[in-house]
Amino acid sequence: MSDHVYKTVELTGSSATGTDDAIKKAVARAAKTIRNMQWFKVDEVRGQVANGKVAYWQVTVKVGFTMEA
Amino acid sequence: MSDHVYKTVELTGSSATGTDDAIKKAVARAAKTIRNMQWFKVDEVRGQVANGKVAYWQVTVKVGFTMEA
Amino acid sequence: MSDHVYKTVELTGSSATGTDDAIKKAVARAAKTIRNMQWFKVDEVRGQVANGKVAYWQVTVKVGFTMEA
Amino acid sequence: MSDHVYKTVELTGSSATGTDDAIKKAVARAAKTIRNMQWFKVDEVRGQVANGKVAYWQVTVKVGFTMEA
Amino acid sequence: MSDHVYKTVELTGSSATGTDDAIKKAVARAAKTIRNMQWFKVDEVRGQVANGKVAYWQVTVKVGFTMEA
Amino acid sequence: MSDHVYKTVELTGSSATGTDDAIKKAVARAAKTIRNMQWFKVDEVRGQVANGKVAYWQVTVKVGFTMEA
Amino acid sequence: MSDHVYKTVELTGSSATGTDDAIKKAVARAAKTIRNMQWFKVDEVRGQVANGKVAYWQVTVKVGFTMEA
Amino acid sequence: MSDHVYKTVELTGSSATGTDDAIKKAVARAAKTIRNMQWFKVDEVRGQVANGKVAYWQVTVKVGFTMEA
Amino acid sequence: MSDHVYKTVELTGSSATGTDDAIKKAVARAAKTIRNMQWFKVDEVRGQVANGKVAYWQVTVKVGFTMEA
Amino acid sequence: MSDHVYKTVELTGSSATGTDDAIKKAVARAAKTIRNMQWFKVDEVRGQVANGKVAYWQVTVKVGFTMEA
Amino acid sequence: MSDHVYKTVELTGSSATGTDDAIKKAVARAAKTIRNMQWFKVDEVRGQVANGKVAYWQVTVKVGFTMEA
Amino acid sequence: MSDHVYKTVELTGSSATGTDDAIKKAVARAAKTIRNMQWFKVDEVRGQVANGKVAYWQVTVKVGFTMEA
């Protein structure tokens, strides 16, 4: 544990459903190319409005993963 | 696009259901008097507790809309 | 009203379901020992990732309650 | 309660007397045109100096009020 | 001086030229409806990229003006 | 001195008189159960408005006290 | 006006009376050696507690003054 | 894991040796009364100066521990 | 739109001309290896001084681009 | 290099031309009395509005210089 | 100098020894794949506690390196 | 005590050894010209990297000292 080095990347996921789903989508997309993801941290929640309604959420997360030794 | 000027207003929506619903309610109320809303950004998430349970969420958002030329 | 003094404690709730449920769990646990809780304020939303998916959310809230006179 | 939507405006009051009086003046001026004000939050305290003395305080507050349904 | 109350509005100006021009455009647009503007404060500088080049700047400013007594 | 460990608690005092009095009330209430308080730090100044006037101030302070060895 | 350069210094004033008086004392002391002070901005409000009561306030301000050409 | 609720307390440790030792002392003191501490997070590093030298460091940490179910 | 995931990278551009040119240079360099850049956000403006004059500006921007599905 | 101690001063430059020119003016004025300036960092960009137009920019910078051994 | 573009990556190093060693480990690991690293900046210091003692430190740094032209 | 006015200066110390030593160097250099230093507060920890290793730490501290009456 105490020997690990982690790297963080910043991603923004979008969802027409809500905040939590936008996070899931960002993590799922990252999983295609990043192994050993460990945690995420929400940095910003924003979204788009269309016709007077919330069209979709955009959540920016920092995602941390273990760098292989 | 590059000629637009946007104005931002700050609103707080409430909901007994959750964070996303409180945002929807703030945007829906704003839509009664503001046209051309484009985006929102969450500034603060708080809420009220009653009888040891979350009674409702209160989400403060900044909402941006296009000023007409 | 204007005579009350409030105290705030900082708690982190976890949930495999989402942000709002993590808040509910933190408040519910606090209710076992704290009376007269009045409000909460979200300080940080983070979570754990396992096998390329969000495993659970961890939401840190400040919870305020009335100190008895 | 949980159905209300609030709007926030940002005001700066001035006073030769002190911080609290500058807040009172900002709220009193807002009361001429805004109904149903509920709360204020101090954002910045600054002031002007003249002849080596504090000439007046300038306090910026956010003031929240209920939007009528 | 010490009797004035100021109000602040938040605007975002856009410009294909640069940061300073985006501020000028936000202030010019505001001048159509707001009298007695006194100062501005830059809150955020961002912009759009198209075809690998900066397409335009978007500068968010808070603009303060004297409320008439 | 250099051996002490301090603990901090967060309190909100209320006062119909003003900012300083709200701090005094928070400290006075804390003194009923906490010994050896050493310092306070203001975190937030807000308040309630009623009938277009400031009804009372609410000041949140962090209060530090020496933990007994 | 537009040719001036200002310098800012950071000072902490103390007072057994309250926040506003601590600011006045910091400015008064600065006036002994600094000419042409123009403004102040509050950065931090803290204080000392003794015998379960506020003993004095300590207010940190930034003070700006015109540099002579 | 996902069922746990954590509580955070804020402590300040002091040390004539340095930053890391001040953290160790805060954690060691907390261990006398708190079980199941899991993590710490540094909030502020400051210290006292005497005779023109650093006399001791004061490090404020937030320490999180598992609340028992 | 609502299906996209964006990634953000942090870059610092330098320019002897000014702030806006430093941003352009950071974006132009990034365009050599990153496709589908959408926006930038300024995080910090600093620079080097030589012989009592500004030698060049250094502007740190976050640049967001669409991750391909 | 690793032996140097730097000092920072905070200055505000003004310009009717724009942000970059305001920085140049602050640095040029400082060069009259400070030797060995090394860097600057922008802290705040604000300005004055007159007759519905930007009258001048005011940019606050921190300027660092080497203290002579 | 003024032509360079820098990129920043965010890393977290761990160490059972202390803060400085955790930084060294993050930089050493990064050196395996990144050339021309120039500087680092500490963003967060936290750590794990086990059996009432600090088990290891985790320091998050931003590391900047020159992008090759 | 409650009559004192303090002034704060901002310094950056460098050290090839580590964070704590950089603070000591900044304070030691300041002691050559400033009397009655009382405290310091760390504002930023950064450093230089050379050949893939930490070359030296640079710690920015605010140092407070009593102004003589």
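Each chain carries a letter (A, B, C, D, E, F, G, H, I, J, K and L) given by its place in the written order, and its residues are counted from 1.
We take it that a contact is a pair of C-beta atoms (placed from the backbone, for glycine too) under 8 Å apart; a residue touches a chain by one contact, two chains touch by 3 or more.
What you see is a predicted model, and the numbers here were worked out from it, not measured in a lab.
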{"item": "Partner chains shared by subunit G and subunit K (touch criterion as defined above)", "value": "L"}
{"item": "Relative orientation of copies subunit B and subunit K, as a Cα rotation angle in degrees, nearest 5", "value": "120"}
{"item": "Distance from subunit I to subunit A - Cα centre to Cα centre, in angstrom", "value": "22"}
{"item": "Approximate Å spacing (C-alpha centroids) for the pair subunit B, subunit F", "value": "31"}
{"item": "Gap in Å, rounded to a whole number, between the CA centres of subunit K and subunit D", "value": "44"}
{"item": "Centroid distance [mean C-alpha coordinates] between subunit G and subunit C, Å", "value": "38"}
{"item": "Subunit F: positions in contact with at least two other chains", "value": "19, 30, 48"}
{"item": "Touching pairs - complete list by chain label", "value": "A-B, A-C, A-I, A-K, B-C, B-D, B-E, C-F, C-H, D-E, D-F, D-G, E-I, E-J, F-G, F-H, G-J, G-L, H-K, H-L, I-J, I-K, J-L, K-L"}
{"item": "Footprint of subunit H on subunit L - complex, ascending", "value": "19-20, 23-24, 27-28, 30-31, 37-42, 63"}
{"item": "Residues on subunit E engaged by subunit D in the complex (per definition of touch)", "value": "1-9, 62, 64, 67, 69"}
{"item": "Contact footprint of subunit H on subunit K as seen in their complex", "value": "18-19, 44-49, 52-54, 57"}
{"item": "Touch list for subunit J against partner subunit G, complex", "value": "9-16, 25-26, 29-30, 48, 55-56, 60"}
